[in-house]
Structure formats: structure tokens, C-alpha cells
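Worksheet for the structure shown next.
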Amino acid sequence: MEDLGLKIFGAILTTFMAFAVGMTYGGIVRKLTARVQNRYGPPVYQNFLDLFKLQSKKTNIAHGFMGHMAPVWIIIAAVTVLMFIPILNGNLWFPNLSFHGDLIFLLYMMVFGSLGMALGAGQTGNPNSAIGVTRGLSQMVGYEIPFVLALVALMIQYQTTSVQDLTQIQHDTGVWNAFANPFAFLAALLASLGMYRYSPFDIVGAPAELASGPVSEFGGKYLGTMMSGGAVFAFIKLTLYVHLFFGGAGNPDDSGILATLTGIGILLLKTFLLYMVPVFYGWINPRYRTEQAIRYFWGWPTALGIIGVLWAVY
Amino acid sequence: MENDKSSQKIVDYIQNFARKHSLFVLAYGTGCGAIEIPATMTSRYDAERFGIRGAATPRQADVLLITGYLSTKTLKRVIRVYEQMQEPKYVIGFGSCTINGGMYYDSYNTINGLDQYLPVDVYINGCMPRPEAVISGFVKLQELIQDGKANNGELYRKNLEHYRTNQKKIIKNWKMPDYNW
Amino acid sequence: MTNLIKENKLLDAVTTAFKIKGKVIRGRRVEVFADKNTVSSILLFAKKQLGYIHLAHMTCVDWIEQREFEMIYTIYSPVEKITLFVKTRIDRENPVMENIDTIWDQANTYEREMREMFGIEFPGLIGEHDFLLEDWDQIPPMRKEFDTHKYAAQTFFSRPGREDAKDVRDEISKRSGTAVPDFAKKYSRES
Amino acid sequence: MIREKETTLYLGPQHPGITGNMMVKLKVQGDTVVSASTHVGYLHRAFEKLIERRNWIQAFTLLCRFCVPEPDPMELTYARAVEELDNREVPERAKYIRVIVMELARMQSFLLWYAGQSGSSGLYLTPQWSVGDRNYILDLFEDLTGGRIYHMYIWPGGVRRDIPEGWADKVLRTMDYIEKRLDEYNKILFDNTIFQKRAQGVGIVPKDKAIEWGVVGPVLRGTGIKSDVRIDEPYEVYDKIDFDVPTQEGGDIWARALVRKEEVRQSIRIIRQAITDMPEGAYYNKVSNPMKWTVPAGQAWAKTESVRGEIGFHVTSDGGNKPYRVHVKGAAYTHGVTVLEKILPGQNIADVSFILNSLGVCPPEIER
């Protein structure tokens, strides 16, 4: 019973860690982007300053009930999905309900966040946000297919849908899923380009076309909450990928202080490297149009996903 | 309680610190000075190291840059955009055209003094000020924010009548919502 | 002088076809003075027969002493590389000019601007009245009798500037009470 | 055919995609544009009315503020028109300096176009680079004329100051640097398949109707028609300098981008030739007393090739010391209004600011 207190403390710690890590990743990426564009760039904690400034806005212009609910919805979706993802596999500190949820549940909950954004943007009545929402949903249709195919391939290969078992198997066999089923991994990786809304796929909030799309009517506190929700979502996707394909972090048997810290360290390292993939790709590529983005997703990534499934079946 | 004075001061200090270090400039080139904004935002003069970033819509913006002369048609849109911005907002007047009409003092379509129509925090003079002058204007604004003197929104709300009469003298059919806060 | 064969050939072609006067200004520049209602036929003739397909420019000059507007159509042929000016004079009081929208679509923009700026009526011109100005109630502003300085002084506030050419630094030091900095002293008029 | 509901979308004066201050009112069905109409007038400052109140030399302060990305062709066209009226002879050295200033202005404007084009297509890396490199050219202008953007350097009768010593080889050094950088730009933007996919077949200007619509400059050369004022009517010393004018077939954004990419290399070539064979001698055929200088009566039409196309000045003088009427026609006058309204229907919303940028529309040029 006593480790219930531990679990609750662990859960609270994970949310703060996810938020902090998500924001610092954003800050580091902004700094790296600046250096690539041969300029000095903002300090790494700039995202926190932006968030704090947005929260300290005096007036907040709301657009009806759904306008209030949209950021709240995103935060709810972010935190619930966070609870069902194992931060460190098998660790006593951070189990946070990862034994109960499984892949299919996670897939649905991840769509929840964009749904909140879509409803809120619809309420504001700004034509830009309406078009941004339709683009966001169509892009999601695009990248969901290869992503789901990749996950299905994993499920078939190991006959389990729980993330915990997948990491456990990777830990026992010592072979990472990325190499066990390379096609599924490639399909998931290409699909992940569309998730972080970096350059080739930032058609949702494209500033040049749609004046920042769905969030164009949200300012001040709403924008701040959405920003932090986005950061947590980024962290969630990264840890999910690390656990599915890169063998998770930390060894399950001992959960001493030192082991936990090294586990978190490995997790941060892996997630940051994985985060660099869409960022590098985004630095040097202009933006797709909507139908081009979908055609991209239904092209090679889906083919790789199908091959992955076939590879898993035989 | 008696010590709310000091605690209020601490909160103000922290809030102003955050507001000072993250200014979102509205992407709206209203006059000929708008050619120096890309120069200040990009690699040589890089305003982003001060936390100054472009914002796409007035909702997300804090700083409204009036870059150069302002024709009556644009003044109507600027007022509309200004009123959409959220409370701690700042206006920077760019170039001598906003101060006293600059070289278009005798034109029938450009206003002469910007602060008759909108409260202005910082003026940057120069006929199209250089990027260094623009950044010094931003630094001046940051100092004003830090010691709490940049209360552009309240000024506009307090003497709304004064600004409204001036604006309505220029803009014939108003056709805009009359915010009465 | 460069040989003006091509220019003279063009001039004769136009003047004989429409019995109007014209002259060759210099190499590559020919001007023709036409009557108001033959302008569009000249332009059509030049465009279809002589190959002057590029409408480079359309403008209106307000001769207030002769109480006339002068309309100038500048067309250019990329083949012969000559610019032909078709100039005509229309009355200034109620200026009406035929609309050459059908020959060149882009003329619509010029005509909308002239209608707003000079008050020239083009029957059959599509497009809203407000092209550059919005809710303008004065007389069309580009006419000579409209005084823009007087209008600006009336409508827009002008900041009280320095009355005479006093030295700026003395003014500032007087206002702010600080002494004139010594580096500036040697320029200041007082000392 | 099921008639979808049409929404109107205002790419209003305040829009990050619109460079400058102009409004494009789109009727949109789903993602495709049904009809477009441009509304201008936001930057109208009655420049032609003010010029009637300034004398001939004072007009230069107004002139170069006329189109922001590229002030020098305005000064040159006005100066040539006034020289034609006044038939004032320009010394040979001044002509060469003018050509160098024009080509430098063309390059800095190209780099700005390059930033706008890749920025509006979503690539935020190259705008930083190209605007950063543009500053090197602005430094050259600063040494030569004292001003970064507005130079007021070209006067009727020549140029205001001679070249400071050491400036010529500084120009050559900058040219080598820029030429090296251009190859990197090609790798990032022009060889980028996503940019090619986005740019090809979008915003097509038909070749047969191009001249009729008043299309000039690189947009016209993008449709395959070879027309450049520097060759058709060589002014200054362009006839003594050999350079070629690139043209591309297709008339879409990709063709225009290739034309502009090639034009910068020609500008570098022109500058190098102009610097090497620039004669010594007077640089300014001095106007006796600029304040009381009266230009003989007459009308003159001068045109030069700016980055966006042919800029024409129609100057009328009644013999007084103030210009009687100056009417200016920039390339954006037809590109921004007629041409844009004709080629936007049928395009995707995502490409509106992309097309606007590739047409080189500079709003202050439309409404002066």
C-alpha cells in the first residue's frame, strides 16, 4: 500500500519532467536552428520566458465555451496519455499505470489532443483557423496510416499490445525492435515527420498562408497552455517511439536512486537524438501543400508499413 | 495586508522580467520602414537573441510596429488591429514620419503625429532607422517594461474619448465596433 | 543623327491612316496628336496592324491654364523597339474619355486611378470607385486646384516645432535644465 | 455539379504572407481559389502630388522612398528623364558608376526576393542567409553613398560623389563572396525537390497573353519572351558591356525562379566588367544652382530595367523650377492588380503568397 504514495509522487514528477523536457527541447532546437542560420539565437530557456509572459497577459479574449475548453482539452489529453506510457520500464518509481493501457488505447488518446484544438479553432470563427483545422485533420489521416501499420507489425510479431511487454521483450532478447523489424521502424520514423509539425509538414499552422492556422485567435493564457500541451505531446511521442523501437530506458530489476537517474539519462539522450530527425529534415525543406503531404504519406511510408506487416507475419 | 506592497512588487518584477525578455512583434509592415524588419530579425542583427520574435496575428502579438508613414486607410486597420491585441501591449513609432509627418508632412493622405491617434511607447527617429537603431528602440522599450512604465493599454482605455474623437475626425464612416471596455 | 527611317515610316503609316498630326521626337520616340474620339481606333490600329502590343503607360496631365486635361497613351512594340505616344486633349470641366478596357485589360487599373484622382469619367468602366483613397469627400486630389498643404494643415495635427532655427542643444538644455555638454559647447551659438 | 459553399478569405493588409501592405480578397471553395480581387491604397502617400511642390533636386528625397526594396532605378529613371528634357550631358565615368550602382541594387533586391520566395514557401533557413548576405551589399552602398537603403546618389548630370578609394576592390571581394554563396543557395533551394514540386506548374502566366497583360521583367522572361530594357533600349553604358539575358519556358514560378537565379550571375559579370574598364575623369556635370534650376518645357519618357521589370517615368515640365507632372509606372502596377487577378483563380490557397512573391509585387509601387 505504501508504494501508492510513491506512485502518486512519481506520476506528478513525470508530468513536470515531461513539461520541462519538452520545453527545453524546444529551446535547444531554437538555439540550434539559429546557429544553423548563422545567428546567435535566443537563450535555451527562452520557451519558458515566452510561456511565462503569455501566462502573465492581463486581458484574455475568449470566444465562447469551446474557446475556453480547447487548451484545457489538450492538456487533459496530454497528461492522460503521459500516464499510460512507461517512462522507465519496470521501475518502481515511475510505473504510472503503464501496466493497464496498451497501444490501441494510446493511439486513440493521442488523437484527442488535436480534436481539442480543432473544436476550439472552430469556435473562434476565424476562417484561417477553420482551414487550418481541415488541413490538420487531413494531415493526421495521412500520417496515421503508416504509423498504425508499423504498430500493427510490432503487435503481430510479438503477439502483444502492451507497451510494457514490448520493452520487456526487447530487454530480454537484447535486440532492439528497430533492427528486429526495420521496415516497421522506417515507416514509423517517416510517419513521425508529420507529427511534430516541422517544416515540410507545418501546413497546419503555416504562417505565410494561414496566419498560424488554428491558433490564430488564441492569445495570452490560451496560447500558453496550448504551447505547454504541445511540449508535453512532443515528449510523449518521443518516449513512445523510444520504448517501441529503441528498447526503452533503465533496467527493470533494480530501482535504486542511481539506476533511476541513469535510466532517465539514457531516456533523455535517446529522445533528443530521435527528436533531431524531424528537426534536421525540417531545416532544409520548404512546406508541402496539403495533397502533396498526404500523397507523401501514402507513398513510401505506407509501402514500408505493409512490408513490415508481411515481415512480421512470416 | 501591509506587506502586499512588497509581494506585489516581487510579482510585478518577475512578470515584467518575463514580458521584457519575450516580445512578440506583429508581422505588419505599415510603411516603408518595413524593409528594415527582416534585416533586424535575420542573421546579422538578429533581434531573436533579445527574445523578439514575429507573431502572425494580433492576438498573439505584444508589440505593434508602426514602421513609417501611416495613410488614413491604414490608420483604420491599425486601430482595428491595435484594439485586438491583448492588454500589456506596446506601440513603437518608427521613423520621423510617425513623429511629425516626416517628409510627407503636406500629403493629404498621411497622418502627421502618431500619438494623436494611438498611445506610443517609444519613437525611433531617422528616415528609415537602421537595424541598430531599431534594436536600441527595443532595448529602450524593455527598460520601460522593466520599471513598469509601459502601460500603453491603460492609457488608451483611460482617455479613449480623446483618441476616439481624433480618429473619427480622420476616418469618415467608422463601421467598426466601438469597444467600451 | 541616327537614321530615323523606321520612326518616319511609322509616323506616315499612322498619320495617313487617320489624317492627324505627329512628329518624331528622337530615335525610338514618336508622338501623335489625336482627337478625343479617334484615340481608341488609333490604339486598336497600332495594336493589331503595326504590332504595338505593349501598353507601357497611360497618364493624364492637368493643364490648368489651358483648362484642359492631356491624356497620353504610351505604347511600345517589342519588334521595332519604338515607343509611340498618342496624345489627346479633353475638356477639364466635365472630363469624359472613352474606355479602352476592351483593347488592353490592364487599362482598367489606370482608368480607375484617373477616375479617382482626376475625376475623369470613363463610361462603362467596371470596378469600385475607391481605388486608392477611402471615403474621399473632397474634389479629386490630383487636380491642380486642390491644395494638399492647406488640407493637411487642416485635418492632421502638426506638432509645434521650433519656431526659428535655434540651436537644438540649447533648446534641450533649457528644457531639461542640464547644462550644455562641453563637447557641444564649441558649437553652441550662445558661447 | 454540386455547388460548394464559397467563403471569402481576406489575405488582409495584416498578413504574414503578404510582403508590404495590400489586401487580396479571395473567394475560396475548399482549398482552391475561385476569384480574387486586390485592394490597394494602404500605402498611398500622394507622392506625385507632393513632387509638384518640390523643385527638381528636392524631388530625389521623395523618389527613392517610392519602392522600398529597390530605390535606385527610380532615381536613375527620373535623372535620365530630366537629362533628356534638359539635354544635359553625363560624363563617361558617371555612366559606369551608375551601371555599378544599378547592378548592386539588382543583386540586393534579388537576395530580398530570394528570402521572400523561400520564406513564403516555408523554408526559414535561406531567408536568414540571403538577408544576411544582402547586408554586405548594403555596406558597399553605405561606403559609397552614406545611406543603407535610400541612397539619393544618382543626380541629373551624374552622381553626387566619386568612388572612395579602395571601394572598387571591396566590391570585387564582395562579388567573389556572394558568388560562392550563390552555389550554396542553389543546393538548398533550387535543387530541393519539395521546392520544385511546389513551384512547378503553379501560377502560370500564358505566353501569348503575357505582353498584353502588361507583364514585364523576369516574369515575362519566365514565359520565354526575351525582353529586357538593357538590350532593347540600352541606356548608360549597357551597350558597351556584354551580358546575356536568360529566358525560360513555362511561365510558372519555377521558370521565373530560374530566370532570376541566372540574372544574378549576369549582374556579377556586369559589375566586374564595369569596374575594370571604368575611365577616369569627371563624375558630375554640375548643375549651376540646384535650388533655382529650371528645366526647359517638354515631356520625356524614360525607362530602366529594375529587378521586377521595366520602370517608366513620364516627366512633364512647363519650364518652371518645379516638375509640372511626374507619373511613374512600376512593374507591380500591372503584376499586382490585373495579372494577379487573372492567374489566381484555380490556384491553391497555399500558393497565393507564393505566387504574389514570385510576381515581384511591391505594394508601394502600385499606389505610390
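By letter and in written order, the chains are A, B, C and D; residue numbering begins at 1 in each of them.
Everything below uses one rule, namely that a contact is a pair of C-beta atoms (placed from the backbone, for glycine too) under 8 Å apart; a residue touches a chain by one contact, two chains touch by 3 or more.
Keep in mind that what you see is a predicted model, and the values were worked out from it rather than measured.
S.K.: Looking at A-D and B-C, which pair shares more C-beta contacts?
M.R.: Greater number of contacting C-beta pairs: A-D.
S.K.: Please find which chain has its CA centre nearest to the centre of all protein CA atoms in view.
M.R.: Measuring from the global C-alpha mean, the nearest chain centre belongs to D.
S.K.: Taking each chain's centre as the mean position of its Cα atoms, how many Å separate subunit A from subunit D?
M.R.: 45
S.K.: Averaged over CA atoms, how far is the centre of subunit A from the centre of subunit B? Could you give it in whole Å?
M.R.: 36
S.K.: Using the average of all C-alpha atoms in each chain as its centre, how far is it in Å between subunit C and subunit D?
M.R.: 20
S.K.: Give the residues of subunit C touching no fewer than two other chains, as numbers and ranges.
M.R.: Subunit C, residues with two or more chain partners: 133-134, 141, 146, 148-149.
S.K.: Check each residue of subunit B and list the ones that touch at least two other chains.
M.R.: If we look for residues of subunit B contacting two or more partner chains, we find 27, 42-44, 54, 56-58, 73, 106-110.
S.K.: Quick one: which residues in subunit A touch 2 or more of the other chains?
M.R.: 37-39, 128, 207, 211-212
S.K.: Where do chains touch, given as pairs?
M.R.: Applying the touch rule to all chain pairs gives A-B, A-D, B-C, B-D, C-D.
S.K.: Would you tell me which residues of subunit C are touching subunit B in their complex?
M.R.: Those in contact with subunit B are residues 133-135, 137-138, 141, 146, 148-149, 151-153, 155-159, 161.
S.K.: Considering only the defined contacts, which subunit A positions touch subunit B in the complex?
M.R.: Result: residues 30, 34, 37-43, 46, 49-50, 52-53, 56-61, 128, 207, 211-212, 215-220, 223 of subunit A touch subunit B.
S.K.: Which of the residues in subunit D end up touching subunit B in this complex?
M.R.: Against subunit B, the touching part of subunit D is residues 12-16, 19-21, 41-46, 49-50, 53, 61-62, 65, 68-69, 112, 115, 127-129, 131-132, 134-135, 148-150, 364.
S.K.: Of all residues in subunit B, which touch subunit D in the complex?
M.R.: For subunit B paired with subunit D, touching residues are 26-32, 34-36, 38-39, 42-44, 54, 56-58, 69, 71, 73-74, 77, 81, 103-104, 106-110, 127-128, 130.
S.K.: Which bits of subunit D are touching subunit A when the two form their complex?
M.R.: Touch residues, subunit D against subunit A: 7, 9, 15-17, 28, 31, 118-125, 128-129, 132, 188-189, 192, 194-195, 197-198, 348-354.
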